[in-house]
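Each of the next two complexes has chain A plus one other chain: chain B in the first, chain C in the second.
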Partner chain A sequence: MAFSPLVAPSPLATAPLKKSAVSGPANPVQENESFPQLQGGADREITEQLNDEVRHKYIKAKKLGEGTYAVVFLGHLRTDPSSFVAIKKIKVNTEYKDGLSMDAIREVKYLQELSHPNIIALHDVFSSKDQNLNLVLEYLPRGDLEMLIKDSNIHYGLPDIKAWMGMLIRGVWFCHENFVLHRDIKPNNLLIASDGEVKLADFGLARSFADPYLNMTHQVITRWYRPPELLYGARQYSGAVDIWSVAMVFAELLLRVPFVAGNSDLDQITRICEAFGTPTEDNWPGVSKLPNYIPADASHLVPVQGRDFFLRQFPTAGPVGAELLMSMCTLDPRKRSTAYQALRHNWWASEPRPTNKEDLPRKAGGTKKMGDDLTRRGGELDDQFKNAARQLDFSAMKA
Partner chain B sequence: MPPSREAMVHRGDEDEVCPVCKSSRYLNPDMRFLINPECYHKMCESCVDRIFSSGPANCPVAGCHKTLRKNRFRKQTFEDIHVEREVDIRRRVMTVLNRREEEFDSKLDWDNFLEQREEIIFNLVNGIDVAKTEADLQKYASDNMRSIRANQALEAKEVTSFQERQNQEQELARLRRQAAKEEYENERKEILAGREDVLTRLASGRPADAATIAREGQRVLLKKSSARRSEEERIRLKQAALRGTDAKKPGQPAAAAEEGGSGLIKGLRKIKTPEPEKAYDPFGGMVPNQRDYYTLQDHYPSTFLDPVRQDTRMLAGGYDLREYYSRTLLEAFAGLGCFIDEEVSKREGNAFNTMKPVGTQGAALAATSDSQAGK
Partner chain C sequence: MAANYWASTQRRHWLFTRERLADIREGLKEKDKVAHTQFPLPDQRLLNIYFSQQLGRLGKRMSTRQQALATAQVYIKRYYTKNEIRSTNPYLVLTTAFYLACKMEECPQHIRFVVGEARGLWPEFIAPDVSKIGECEFSLISEMHSQLIVHHPYRTLSDLQTELTLTSDEVALAWSVINDHYLTDLPLLYPPHVIAVMAIIVAVVFKPSSQTSYHGHPAPIASAMREGGMNILAALGDKGGNGPPERIQKLIAWLAESEVDIKAVIECTQELVSLYEVWEQYSEKNCKELLGRMVKSKSLDK
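Our next item is the complex of A and B:
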């Protein structure tokens, strides 16, 4: 199925912005358009001029947040002060002295391909004077899902969860349809637009998939949302890894606490086994061949949990919702539902109907949160978890 | 105090006689007269008990053949039986034709409706065209059951809220009175205390201070009462604000005429039925699995891929060759669905939009120039 980014409905139809200008020379008309200027300042390179053109389209206003990896500014179009954007300025990294950091490349590479209402839009890319990369992203002022989950003053119900999950799975489905793995789905990467739409953000760990014989790293996805096959060190995997994360977000939305929150990779496996059942050759053929497979203690085998467990654990989801959740956190990735199957599930048609996005619970102070979310490095947990969880080791990360 | 209704009824009726049993009030001072809204013939309580206790029976008045039931007998409210009858008819018609002003398009329509209603009542009271009028009313009632109910409910709600408001106001007035009384008491006590204080100070102080002490006492009193007044004012304002929020607006009128219109009443506002919500689309308007140029198969023979099919480790990690097939085919055919000429003409149609995406326009123009070169 071909979803051309040209055809997909643009969420910013009212203020369409210049798209994908990172590779100026690949775009012949931009050259044509700027040709008269080129003659004016012939001493400068055409790419530089193009870059300046893009840079001058935006005005940087106040700083929204700063992290180890990036600084996020609030900005707006020079021509229209009411059209806000978030400008993510990626810091020149000590690790990547001679080039761009991998996260930035990934983010630009995949975000400019994907245009969907549930995926954060990348309007432009330019480099500022100090050779820093700046991503002009859609401005999402209402914080993220994590904020809503954690705030005990906010009450939400099944219709709201259904609406959020629908938007999340649609975004993931669109990524997978276009063969992009997100690989870092978690509540604080799910930002909320001013109209209530949930948008998948932070593509710093994204990559394309399905290439045979191409090893991918298993050191991705924030631990609590990491599927068992990655914990067992699989190097070839599929969209099922994102679906596991989606299922964990679903469970977290229902429980309002992370469902399986291990404090080390090993602990995470143990907790998954306890919660969902011990992976064995019976329920997951070939699992013992995975590089980091740890044979389970025969005396400690937990049988794979059935419907009753999910119904008991997540009574708010209702029987149909519990079934969907169960299908999305099946241990064997081949048996796990895909995003497409999840969207075909009859939970969406069953009562209650998902809340309209305008009526979803909201919280003030999202701007700061967006600043924090966008400055975080992929796979990291937030500061408040620092004691609970070890930082991920990215030295093993190869793309 | 005006005489009670009971007294009014009894006054001058000392020798009222029951038309049925001919017993009079003179013999039976406790005699009570009842009427039945079926025929409005008056008879005494004992007659009603006697005749109708064993079920419905004909009216005992000569010439009246109406069948009456005991439970419909009631006391007369108005002395004039014609007034009693008209009030009953009016009440019945009003419960059926209970449209509200909000339901009409214009003031004129509302007035016309009121006139129509009066006419119906007049006809029924005076026996003009009764059969037809009754039939109309019946038909209207059955056609508009829902809106009649809704309007009744609204009315009941308004009545209760009005009563509530009245009770509240009475309570507030009572509190205000009480507060005023208390305040008056306090003030009086304070004046007395102040006076006593001044007196004692005058008694113990030097004669030269007398004037100042007296003046001071006066000032203290004044200050106190003015402070109280402002406090009082504040409370009153607060209560007024509370009343303001309590006064709820009357609910929205029920949806006007049912489908097909009421027929009887003209000028009713058209009901705007809210557009039914569309079914939730989990795919957000996109069509899944739309492959225009190829069909995807589950298996494609390839020696290059054979090792993958056998590699349990790869398969156990969730790697799926079908994703690879799907991706390669998508990439092979992706460009075929894009007709750049069409897209360009569509975009030129929207040329008024000055902020169009430059990148896509660029690509499109480049493509058209290519196609021209091709020619």
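Our next item is the complex of A and C:
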């Protein structure tokens, strides 16, 4: 079991949501003894009261973004207008007929248990009058990494990249140490707090490691960040899938464009082969048995790229950085670095030192970006690709 | 199985002392004494047996994983620490707990399918309208403060299998003892590893002669535990004792070195023994009638 040295697990004060359905007409007043101060409340249900208390703790200020699945508001504490929060209202009513979506369930499920400086914090959960689920999330006003990567007016260097990567990998390490796979790591799920801390957000595709031999779906992770084993249809996989995504984020931070940006799943695997080498039984034992494996054209085998390639391709990373990147995008997931190994790499100890998080480059307009990021559904690419990438079917039966 | 048990919401918010649990239930009862006199229900454990069997039927029709059924049972227990059972439709709670647990354990079933199957089993108590389940799900999540991850003893059992060189028979038996512990309050009282150790001790020490699907036929294990039962307890108390055979001594030595709370393990064992004793009074018909009468006369199914 993992304890992050950085974290003192703080009890999240979450309050119950509104009561409904199950109670019949002859409904007695509820008693909840863990909140003795409330027992006086005669005829109203304690749980409902509690919910109201939580709801009244916050004021919804303005809408930041709206997606098909959620609306995000900027909010603040009633008692302290300067302490901001993001309130993510999940549209339950629209999906009432199907129950709560897996995305919402997963998000609540994991954020309730995971508490770490590099993972977005869930402060509270409450229900609003119209029976919608509201998640009170940490306010992250400085946008996301995608925004910084894309803005050519922003200049950043290796020390900044090292700081961001360090925070990202610590967050991923904590997930894996707690047996959680994130399964949707990409720059616009990496949000930035006001102090510059990078936070892993959007747990809508996350799940616990499966028990051995149980299958999981391979339709996860936004395509450009998806590892070859998932493109080949592997149903049993590990934290290595997230590490591949981390490597792709690393490469993108260095190049300021996505490194392998396929426009279909097939194109994606082709580009991976061209860039990193063709997976074969020699460099990846067992690969040919994966369900969607496509045997490579013998005349067109690309050898697995070595250090020279990474040095040439990513000169800014420096030799030690290139080596770390290479270890995280090894084709065979069993040989890929784990988050723990990545954190032990000597890149962190070598020059240059990472930038202090307070001094990292920043950009205005982050609040709006947070709104967009938090309303998006898992697995989606940018807007222009929305329909193409939206192959995920969450309705049921996916594991 | 996710996240860290020691930092989990289960340990922080859903672990009670016996006294506390009794107080909570007394509190619920105080709120509606009339209903309690009007609608007597069987012993909680007998009701749990009934719920578990009904859940089992539902799960079987959809071939669900055991772990989802276990999670559903824990949800029902948690829910009824907040709500008096006499103000709910237990069949609706059961179906919803099942539906939510399937999602949580990554084996989701479509809500229509669940409602369809539940209606097949209990047509009088489940409405065809799926939004009932949707609403009840919302209520369930809210009453559990959206703390949804449940840590089960099954994983500890598989982990200890090699360390304690358990035979596959022993593992199978320990597994079904774990299944049975969901019929008691133990999941609300003790951490999962204590339960797992208890199940292993029961399996290794008592080894009831016939263990073929004794779910529903607790007699063999109950009597085995009554007969041989006390030596393990004695042996645990007196480590220098020369009574039990080598294999058991090995287990006891391991226990002594581990930091598992032995007193808690013994309490769990006793709880299980008393479950098997009370089981002999179980009557499915009786549970069904009492629940049916309660739901119908209070029109809780509406």
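The rule is short, and it goes like this: the second predicted complex is superposed on the first by the 334 of 399 C-alpha atoms of A that agree within 3 Å, B and C clash if a C-alpha of one lies under 4 Å from a C-alpha of the other, contacts with A are read in each partner's own complex, and residues count from 1 in each chain.
Heads up, the rule we're going with is that contacts are C-beta pairs under 8 Å (C-beta built on N, C-alpha and C of every residue); 3 or more make two chains touch, one makes a residue touch a chain.
Small disclaimer: the values here were computed from a predicted structure and weren't measured.
K.L.:
Just checking: does A:F209 make contact with chain B only, chain C only, both, or neither of them? Give me first, second, both or neither.
P.N.:
After superposition on chain A, A:F209 lies in contact with both partners, chain B and chain C.
K.L.:
Would you check which partner chain A:Y340 touches, where first means chain B only, second means chain C only, and both and neither mean what they say?
P.N.:
So A:Y340 only meets chain B here.
K.L.:
Can A:K289 be said to touch chain B (first), chain C (second), both, or neither?
P.N.:
So A:K289 only meets chain B here.
K.L.:
Could you tell me if A:F179 is touching chain B, chain C, both of them or neither one (first, second, both, neither)?
P.N.:
A:F179 contacts both chain B and chain C.
K.L.:
After the superposition on A, what does A:Y110 contact: first (chain B), second (chain C), both or neither?
P.N.:
A:Y110 sits against chain C, while chain B stays out of touch.
K.L.:
Figure out whether A:M102 sits in contact with chain B (first) or chain C (second), or with both, or with neither.
P.N.:
In the superposition, A:M102 contacts chain C only.
K.L.:
A:I161 contacts which: chain B (first), chain C (second), both, neither?
P.N.:
neither
K.L.:
So, A:L133: does it touch chain B (first), chain C (second), both, or neither?
P.N.:
The answer is second: A:L133 touches chain C but not chain B.
K.L.:
Is A:R235 touching the first partner chain B, the second partner chain C, both, or neither of them?
P.N.:
The first partner, chain B, only.
K.L.:
Across the two complexes, find the residues of chain A that touch chain B and also touch chain C.
P.N.:
On chain A, the overlap between the chain B and chain C contacts is residues 1-3, 9, 15-21, 27-30, 32-33, 179, 209-211.
K.L.:
So in the complex, the part of chain A that touches chain B is made up of which residues?
P.N.:
Residue list for chain A touching chain B: 1-4, 6, 8-9, 15-21, 27-30, 32-33, 79, 117-118, 166-167, 169-170, 173-174, 177, 179, 209-213, 229, 232, 234-241, 284-287, 289-291, 332-334, 336, 340, 343-345, 348-349, 353-354.
K.L.:
Give every residue of chain B touching chain A within the complex, in rising order.
P.N.:
So the residues of chain B touching chain A come out as 277, 279-280, 282-286, 288-292, 304-305, 308, 312-321, 323-324, 326-327, 330, 333-334, 336-338, 343, 353, 355-363, 365-366.
K.L.:
Can you tell me which positions in chain C touch chain A when the two form their complex?
P.N.:
Against chain A, chain C makes touches at 1-9, 12-13, 20, 23-24, 27-28, 30-32, 35, 82-84, 87-89, 92-93, 96, 99-100, 103-104, 106-111, 113, 130-143, 145-149, 155, 298-300, 302.
K.L.:
Which residues of chain A touch chain C in their complex?
P.N.:
1-3, 9, 11-12, 14-33, 47, 51, 92, 96-100, 102, 105, 108-110, 112-115, 125, 127, 131, 133, 178-180, 207-211, 216, 395-399
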